[in-house]
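In what follows, chain A forms one complex with chain B and a second complex with chain C.
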Partner chain A sequence: MLGVQKMKFNSYHEPETIEECIQILDEQGADAKILAGGTDLVIRMRSRVFKLKAVVSLNAIPELSEVTLKEDGLYIGAMARLMDVSKLELLTDAWEIVKTGAGNVSSMQVRNIATLGGNTCNASPSADTVPSLVVSGAIANIIGKNGPRSVLLEDFFTGPGKTVLAKDEILVSFKLPNYADKTGAVYKKYSIRGDTDIAIIGVAGKITLNAQGEVVDVKIALGGVAPTVMRVPKAEAFLTGKKLTDQLIEEAAVIASESCTPITDARATKEYRTEMVRVWVRHVLTDAAQEAQKN
Partner chain B sequence: MSDCENTNYIGKSVQRVDAFEKATGKAKYFEDYQIQYRDLLHVKVLRSPHAHAKIISIDVSAAEALPGVITVVKGSDTDIPWSDLPYASAYYGNPARYEVIWAGQAVVAVAAESIEIAEEALELVKVEYEMLPYVTDQRLAMGVDAIPVTSPELEIAAGYGGPQPEGPNVMGSYKLRHGDVDKAFEEADVIVEEEYQAGKKSTSQIECNGSIVEYQQDGGVKIITNGCGVHGVIKNHILTMYPQLTSSKVRVIQPVTGGSFGNRLFPLVEPLAVLMALRTKRTVSYVLTRKEMYTSSPSNWPVYTKLKLGAKKDGTIIAEKLELVEDAGAQIRGYFDGRLSSSGLMCVYNIPNVHCDSYAVSTNTVPCAPYRGLGCAESEWAMENLLDVLAEKLDMDPLEIRLKNMIKNGETNAYGEKVTSIGLGKCLKAVADGIKIDEPCQQDDGPWKYGKGIAAAGKQNTPLGRAEADCLVHSDGSIEILVSCDEQGMGVQSALRQMAATEFKIDIARVKMTRADTAITPFDNFGASSRTTYTTGNAVIIACQDAIDQLKEAAGREVGLAKKQITIKDGKAYIVGSNTEVIDIADLFKPFDFFTQQTWGLLKGTPVRGRGVFCPAPAVPWFGPGHEDGRTPRMWNWYQFSAFGAEVAVNEETGQIKILKLMSTADSGNPINPKLVEGQIDGGVIMALGFSIMDHHMYQDGKMMNPNMSDYRLPTTLETPLQKNFMRAILPDPLPDGPFNAKGMAESIMIPVGPAIASAIYQAIGVRPTEMPMTAESILKLIKDKEANNAK
Partner chain C sequence: MQNKSNFIKVDCEVNGKPVSLHVSPDQTVVDVLRNELGLTGTKKGCDDGNCGACTILLDGKAAKSCSMLIGQVRNKKITTIEGVSNGEILHPMQQAFIDTFAIQCGFCTPGMILSGIAILNENPDADEEEIREGLHGNLCRCTGYVKIVEAVEIARDRMNAGGAKNEI
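So, the complex of A and B:
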């Protein structure tokens, strides 16, 4: 349509192999951006936030969308669409939290095109997929000019919109390590609208219990309350080795709310976010503990 | 063919005239017309990033040098029509001259061969600002010591009537004195008082404001626009602003358009698009972005209300004192004075002693304009909430206190104006029954607490503006109605068509509607104040009767009967009181042939034209000698009423509100098309849910923080109750002078929604909100404050 704003860039690349892709990225350097689902990139190009010389699409590299169950865990390709991830049958029990995270992103239309890798690399502090992946211990598999490397996902982010990826690197896949027995994991997104809304906060929690019902492992990840998705080591340490009670969970929730550093924006004030961390960490841990006992 | 019993279409839910074209996507909106123009220029505007700043310098040389840029406009250009604008110049979207007075005001505009070139050009413009103090909070903008919205050295009065003694930003005031309020408060057994605030909101229609202006060979312009009021608003304003354009040189066409809810009642994009077309002698298109819709097109006006009520033990309210301030946003010489909003506090209940001091004040925020309800949703927020407080003190229930004090048909309100139609009592009883207000909600141990509430509302209708209609009877016997009223999705074209078919007693399939084009359709003022069904409807009936009269005369002459012996139905002429058909209407038109073409009489191909002009009785001035008390026997026209009831859940941990069940009722007068009225009810309710609990402008550093649809949270279907819990009813009181006794209803629906929810919240968790929207965060704060108080 004539009235629609067009995006202006010099070149569009659609490599068919990872090697070809890396080469193009290396040549284009800082002038290029990677197109995965495009649900963030296209909007920023249209609104002239990004003025790019080149767009490099990952959509013609089939292996980036593969999902493979291996002995050491589940590998999900970075280009897996959020809609597919949200329905992935291989994501059972304690991995189901990844389905929940993916299913919580924006609207169905967006999930149909947006990708797990794209949502991650966009590095929004309130990305719905990330807290679930972080508590699952996900590892980001990266390839660049200097070969492959792997990074624990919680170390992948360096700030809002910033990651450890070099200009010539792409995220290839996520590895979800196998989970232990008696593990429960829960993600809750808190937003005002039922759908098509960005999280005010997101809370993921994973609890592994031993035969005595004591916490052997607990991970808590918070979205939307710090420059990147954050773990809460102090609350985790507080709970480890203990038999959970409502009282202990409430104390951990208070620790979590005291540990975060939210900002005030158009979605909520920092005071409200802090209070919501307390409320939702409590709900998440309570539910995760119940799940753990079941599994 | 239907017989005449089947041609009474009043009160029948006939399918919309535009149902097919809209459902199949064939309807053409103004942007669909861009494709016609191969040489279209695009307008883009650089906007102020500051709430208040002096423009020191503007350098557009690099922008002008960019290939593809045709012209650049800045505020100091001499062809900008600045002088003597009838209302606030800030409305019209033209670039600022000396200073910018809100973040989002136009500074420089570019017309270029493409949108991309225009945007690139704007990035090349260099503007030097000197920051000035600003005020975005209306409570801080009042008073003689307030930070002035415009620099004092510019000597621009905020209001239309010159500088006001109450302060530099005060635009005007409206004061009413009815009875003896001081004495009445002395006699009152119970007195309640509270302050209320309703926030700043955008109408947020999906179709952004825009227009295409085609330059004409005679130096005139053809404007294709989604703006409102092709004659009364757009053409009239353009003629005032551009003296070189005379009446014959401006043609305004409004293609299919959706709702604008008051947002387009002043021309916002048309003046700049016309200027660009006149300068470039080319066709230009100017469409606002979504961000500009929020930062640069008008919002509602927020209202602060301090309300005090006094009642006798039996619940009779005898005294009302109100101090009300409208926030008009960034306006220069605006017409606001508080009168429009304060009307909401004087039209529902019959209170014998009223003291009203109302004001309007400007702020450094997006200029304000009508928004569905014209300030009454914002002001009645105070009345309905305070009535609940009063009811509790009197140990009465909310239904009883309202019914007891509600104004009745034939009574005069505080203005001294007689009420001619009010069906509010049955509306209110129906919602109370509908949500079973007497049955308490079941509570459980979870964080969600449950409550129910009801509220009532009324809204005045404007007496402003005439409507005209033409009625053509074609020689094939079909009818065509030509009207300029705004069809913004409400279905008024369909309702008018039903009126015409009923007047002609003809199958509605034979009635065609032709809409707003100033070259074709006659004058209408604007689609505002829920006036179209009433005002344009009356004009259509007069036009139909005029055409029918001409047909009777022609038929009588043809068959040798007196005019009064003829009646018209089914496209035929009959003898009055019999079923004897005397002639088919189509046969009255003589064939167009060698011998008849130069004769008088009806001829094939030349329709009979009936004319209808309807002027509501004009308002009587409320100022000047004899009106020192602000009262007048005719301030408004008629009143529409609505009641609302809701069952809500409130989350004690988060402050979130869920609407579980609701019922809305409308006193629409006699409804022409009940299905369309129900559609208006449902749409109005969902809009009001957002208005009441979700959407509002947020400001930080003088700038709107949420000018996009992800952060400006409008409700979706997920925020509305399930269909089975979404109830509505039309409970009319016929309006004597309405067309088929109809009146408008689209605005009053908005008004009681917020207060009813607030009442339900109080029942659920024992806190009374005073600020709207009742966001989750604000409710949680009330809960925490209450807990802190209880702990003391």
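So, the complex of A and C:
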């Protein structure tokens, strides 16, 4: 019965500095789990997907929620709440796609508590913020007992629910590198009941044009159709250097649908997902190209 | 058997009153509200973050109390349905739910009312579309949402016209 299901763990830690946090994680080893907003973790602990001894909360480390605009880009703390990210004024033009991703996660109640770092570290293939961060070229800044390191976000995931993080490491922040002029970026989530639902697929696309209107850079990221969010290098290479037409975009969309490896689950069949990739990559690239002309 | 040695102390404010809890850290906020504090107006529906019946306000913002550990409310202000009225005077959101009959079985109602308040806290002029977007995380299995949306609109209009505003 639902009512009697109980999670059990022995200790709750709330470090106030990153150093203290890493020390606790190091001591607790594989028995500890990091708590950000808890919207994934708490549910999973109760359904006993996770069995653990200790919970280490990041909620008392203020610097993890900081947002800072620097010369080399925008830094967003891992503990930034999705509601705040979805309204962040510093996310202008080609960075607005990150707002869209955050705004697409579930409901007001979940966005108020859930964090950008939690959405990433949860490593769901259908996490709504990840495709946008990936096409933005986001870098994950990590820290652990051996010091800091940085990883390109698209290399951060190693499988469903799996990341490159070691037991003693936490995600500290994301860096969004500055974007070029004439860049447009668009994310579209396809789900049955809007935001509240987990995406059937999610598609992000970013296009940079030169003065002649040719594609100098394009990135496509797909959510929900592979073990991790995936880029589509073949479609990107196909479009690079060309002046976009509807025909070329359609061909790139076909390449994308042939590149993904979706599964069938409660939300959709693999055949349907494959077909929807073709449709939504077309929409996303068409809109991103239009944005790029404007910016 | 509960081993009290790992209990944690959580100071917070519940419905305007300071509360000092000494609780097992593996409890969720909804369980502490209902079982320790007797505030059973906060409902436990799906218990997995989907239905919104457990919605509370945390520092004025809506949150689902089933997917938060009790440690997460340390130093925060919690408002439950028991804390929205001003004594005998109902909050305009409660009154509007009654006036529009936006209730059937009533199980989703506390969460709906708190979400309604949170929507208007954030945006006092929320239009129908924004209200519907805000209510996305609250499921009602009886009425459909027409009356509920209407209730929030009426509460909005009354509050904007200067009707008993309740700062929460």
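We adopt the following convention: the second predicted complex is superposed on the first by the 289 of 295 C-alpha atoms of A that agree within 3 Å, B and C clash if a C-alpha of one lies under 4 Å from a C-alpha of the other, contacts with A are read in each partner's own complex, and residues count from 1 in each chain.
FYI, a residue touches a chain if its C-beta (ideal position, glycine included) is under 8 Å from a C-beta of that chain, and two chains touch if they have at least 3 such contacts.
This one's a predicted model, so the numbers in the text were calculated from it and none came from an experiment.
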{"item": "Contacts of A:A268 with chain B and chain C, given as first, second, both or neither", "value": "first"}
{"item": "Which superposed partner A:N119 touches (first chain B, second chain C, both, neither)", "value": "neither"}
{"item": "Residues of chain A touched, compared between chain B and chain C (which is higher)", "value": "C"}
{"item": "Touching partner for A:R48 - first (chain B), second (chain C), both, neither", "value": "first"}
{"item": "Contacts of A:T163 with chain B and chain C, given as first, second, both or neither", "value": "neither"}
{"item": "Which of chain B and chain C A:S257 touches, first, second, both or neither", "value": "neither"}
{"item": "A:F9 touches, of chain B and chain C: first, second, both or neither?", "value": "second"}
{"item": "Touching partner for A:V279 - first (chain B), second (chain C), both, neither", "value": "first"}
{"item": "First, second, both or neither for A:G194, with chain B first and chain C second", "value": "both"}
{"item": "Intersection of the chain A residues that touch chain B with those that touch chain C", "value": "2-3, 5-6, 8, 194-196"}
{"item": "Chain C - residues contacting chain A, complex", "value": "3, 6, 8, 25-26, 28, 44, 47-50, 52, 55, 58, 61-64, 66-69, 71-72, 74, 115, 118-119, 133-134, 136-138"}
{"item": "Complex contacts: residues of chain B adjacent to chain A", "value": "31, 34-35, 40, 42, 114-116, 119, 123, 285, 287, 653-654, 656, 694, 698, 700, 705-706, 710-713, 715-716, 718-719, 775-777, 780"}
{"item": "Residue ranges of chain A in contact with chain C within the complex", "value": "2-3, 5-12, 14, 35, 37-39, 42-43, 45-47, 55, 57, 59-60, 83, 106-110, 112-113, 194-196"}
{"item": "Residues of chain A that touch chain B when the two form their complex", "value": "1-3, 5-6, 8, 48, 190, 192-198, 264-269, 272, 275-276, 279"}
